[in-house]
Amino acid sequence: MNMTQLPIIKDIYGFLGPDLLVGVVGLLLVLIFVPLNSAFLVWVERKVAGHIQLRPGPMEVGPHGILQSLIDAVKLMCKEMITPDLADKPLFWMAPCIVVIPAIVCFVVIPFSPVMQIRELNVGILLIFAFSSISGLSIMMGGWASNNKYSLIGAVRAVAQSIAYEIPLLLSTMSVIIMSNSFKMSQIVSDQSTVWNFILQPVAAIIFIICSTAETNRAPFDLVEAESELVSGFHTEYTGMRDALFFMAEYTAMFIASSMAVVLFFGGWHGPFFSGIVWFVLKAYFLVFVTVWIRWTFPRLRFDQLMNFAWKVLIPISLLNLLVTAIVIKVL
Amino acid sequence: MNTSYGFKQYVKEIFTGSKSLIIGMGITLKHMFKPIVTVQYPRQKPIMTPHFRGHIEAIIFDDTKSHHCVACGLCARTCPSHVIKVQGEKTKAGDRKYGKQYFIDFTKCSLCGLCVDVCPEKTLKFSDEYELAFYSRWDGVMDIMQRLEERK
Amino acid sequence: MLTEGQKKLLEELKNNLAKSVPEAKISQSDYVLTGYHLEFSSSKVGMRRVAKEMRSRRFNLETVTAVDFIDSFEIVYLYFNYNQDNIRVMVRIRVPKDEPPFTVSAVYSEAIWLEREVYDFFGIQFKEHPDLRRILNPDDADYFPLLKNFGKTTITGEIDDMLC
Amino acid sequence: MTMKTIDDININERLYQLNLGPQHPSTHGVLHFLLTLDGEVVVKAEMLIGYTHRGHEKMAENRIYEQFYPNSARMDYLSGMIFNTGYCEAVEKLCGIEVPKRARYIRVITSELNRVASHLLGVMDFVMGIGAYTPFLYGWDDREIILDLLETITGSRLTYNYSRFGGVRVDIDQTFCDSARRFIDRMRERFKLYNDLITGNIIFIKRTVGVGVISKDVALDYGVTGPTLRGSGVNYDVRKSEPYSSYEDFNFEIPTKEEGDCMARYLVRLAEIEQSLRIIEQAMNNLPDGPIRADVPCFITPPAGDCYHSFESARGAVGYYIVSDGTRIPYRLKVRAPSFSNLFVMSKIIPGHFVADLVAIFGSIDVTVPEIDR
């Protein structure tokens, strides 16, 4: 009897094959990419903020200060990690670890180019939504465990906010999925080879960008860490590398949200002249730039207004948009 | 909170609101490409104005090639923070007193300029030094007569 | 340099204040030199009656302060009428040091903090004050800084020997 | 917004206390709010002040009149020029010193420039409290020009110590006037930017309209003054009601708003900047020639007596009450700090608002903590 014909052995064999290689290499690449990317994004943020505010931003380390965030990371690693005396220590320790999980896992399904995708899943979008909700959990854990009232308020805000904004986020994604008839990310991208979904679904795209800004807790929806009210919200008590992990997760979440928007609405890797990955990364970084730009322009919403905006404006409009899309698809 | 809103107002607010947000983003984008206005301090030194109030200094007069301090102590008495100490000496009997040592504790000085105002000989002025960081508190105590010798 | 309205209001005020607090001495003063139009001085009585009179005329309580005259306190209330005629009324109450006066905080809410400040610096225990605690000084301070017997109150002509 | 009452709530279960400050990013200095919160709604707010108390009033009793110059600017460091000038005018009133007209005009020009600087900072700090960081720095860009301008004549950027009894220290020249004119032109153009970037912004409107309403009666009861009072619809400005320096010579309006909310206070401040620019322009156009300082002895000795001098700082009506016993040292010097009364009104209006609104209201009232603590 050929051992390889047993179904379970076949599975293991298949798993140990090229997929494993792709998985390991991809994971290593992601592990290198995530910190470097967030360091770069921190630099971008500081640079954009600087130039918007008529100042040069970081200039000292490296050309135009590009190595500044690496130096900052080294500094944060060297710093003492303070644990408050009355904190819930296991939770306090776990929260920054958990917050990195979605940042890494979500990269598994993002199609940077037709070939550069670690794992093709039929439900890729659902995986990203499922895992990005974990960051809400870790924020809650961190805020609760800090035993600080500011952190707790921030954490409670984070949970309410992510619940409220996930609905319109999913609804606006839904209208794209209806059009492509698939949850597969590569399928959605290849459907946009001629016309981007942004042109077909402008309302959904705008709602998606707004909601992803809110989901990643960026201004003007940064109530979770509203500096002028809550000092720095859920990570008030975090110091050193733990704080840096929260930062890394935030910037990676920004990049993932932008990548999602690129996949869903901006035609993924499609574009003239360059190869797919260049276009994808360019588009994603442009959307990151837009969120940074938004942050340094607008005031912050108040909490009740934030919820009102989600429930009274975004959800009705995205529902309407979904309905219209469904009818149009059906009729055509 | 906004229950009395009509539907029309609701729609109108969405549009005017979005418009105002886009205008705001336009302004910040425009500013992004404007030249920076900050002074890059260690590379670019600011120029102090002639009236700049630094710590005090003795003026070198042309006629004596030195200061005119007579150690009257008016500045020391007027100083609200009591940081000035003047010591004069008479070179020979019957001569005028002559300021020999003039100590000022710059770390406690509030730069009010009263000493310059009251000086009867008008021999005090403000220096234009602004980089005054010390490693020790005692470095802030300076003898302006000695500094004057150094400047000569 | 008084306008007609100011003259009229001053007359009315004088009469009314004299009626409500007959013991007091009320005199008009030179605004250019002192900054107030009407001076009301009395010994320890009538501050609340004056405050009520002022409130009914929509005067604004500008400040409450005290002056330590060694043997007694002079508590000073400044009222200003910005609603119509820009009249400033100075109310001085001389109280002995061991006889605390009444508060006007029931009439003017602002006086809650202003009188707390006076208490904080002079130790004047206003009667019936809702919240008489330290305000600027530390809660556990056992001194009243603006009393004339606190600290060094003479001019320091000589230079302190801190230097050299 | 409905007012929460604690009547039907079990205190131990629902309410908790939050210490906002003394070290907090949005309490401009060291101010301590002891808040009793229900969720995020403030039920009771108590302001604990005195962290920067330096005892300026006691210091005044220990030094001659001249030595108090530097103290006056250090009370309200944002409108140091106005406090300084006001102190000099109070002592001049006490001594009966006549100030030359040119000096009075220069005082008006510098005070108004300082007021513009202070209002710019106040407005932008308020906007930053709401969460917009960039307008704050645009405001500082403008403010920096004023500081540079004032530095050219006073030699200092914040604690100017420029006025002297009987006049001012340094005369202004043509270059100063030219730069001031250039600044006025620039500032007038900047209003459009502020309107587009801040005033018209829907988020800003939502955050400020109807928030923290101070009614006229409450304002009177709590002795509120300055732009905060004018935002509540009371037309009171010391510059108009008791013209000091030479404000009676100038043609300007007192901007008022009826609403009494954060937006009204913000708009009043912006409008006041405009009026201040008008005053500066008029003063520079009609700047008389003459001496800049009256003939005043080196150390003055006022006659026995007392005087109260009221003037308008960027935050409200300041008063210096000076009691002199005929010596060179003041017997008693009392400062009426406008921020002191303006801050106290917060305990009345905050209950029922969110913590986020507290920051907005606090910013819109625009207090300086060292002035409260003195």
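All chains are identified by letter, namely A, B, C and D, in their written order; residue positions are counted from 1 within each chain.
Keep in mind that, in the parts below, a residue touches a chain if its C-beta (ideal position, glycine included) is under 8 Å from a C-beta of that chain, and two chains touch if they have at least 3 such contacts.
What you see is a predicted model, and the numbers here were worked out from it, not measured in a lab.
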| item | value |
| --- | --- |
| Between the pairs B-D and C-D, the one where more C-beta pairs touch | C-D |
| Chain closest to the middle [Cα centroid of all protein chains] | D |
| Where subunit A and subunit C are represented by their mean Cα positions, the distance between them in whole Å | 62 |
| Gap in Å, rounded to a whole number, between the CA centres of subunit D and subunit C | 23 |
| Computed distance of Cα centres, subunit B from subunit A, in Å | 48 |
| Residue numbers of subunit B (touch at least two other chains) | 1, 21, 24, 27-28, 31, 37, 79 |
| Residue numbers of subunit D (touch at least two other chains) | 63-64, 134, 138, 141, 197, 201, 203 |
| Overlap residues in subunit C, where contacts from two or more other chains coincide | 156 |
| Complex contact set, residues of subunit B against subunit D | 1, 13, 16-18, 20-21, 23-24, 27-28, 31, 37, 49-53, 78-80, 110-114, 117-118, 126 |
| Interfacial residue positions of subunit A with respect to subunit D in the complex | 49, 52-55, 149-150, 153, 219-220, 222-223, 226-231, 296-305 |
| Subunit D - residues contacting subunit A, complex | 16, 18, 24-26, 40, 127-134, 137-138, 141, 197-198, 201, 203-204, 206-207, 354-357, 359 |
| Interfacial residue positions of subunit D with respect to subunit C in the complex | 49-50, 53, 55, 57-58, 61-64, 93-94, 96, 220-223, 234, 236, 241-242, 305-310, 317, 319, 321, 323, 328-329, 331-332, 334, 336, 340-341, 344, 348, 373-374 |
| Complex interface listing, subunit D residues touching subunit B | 1, 63-64, 66-71, 74, 134, 138, 141, 144, 151-156, 159, 161, 164, 169-170, 193, 196-197, 200-203, 298 |
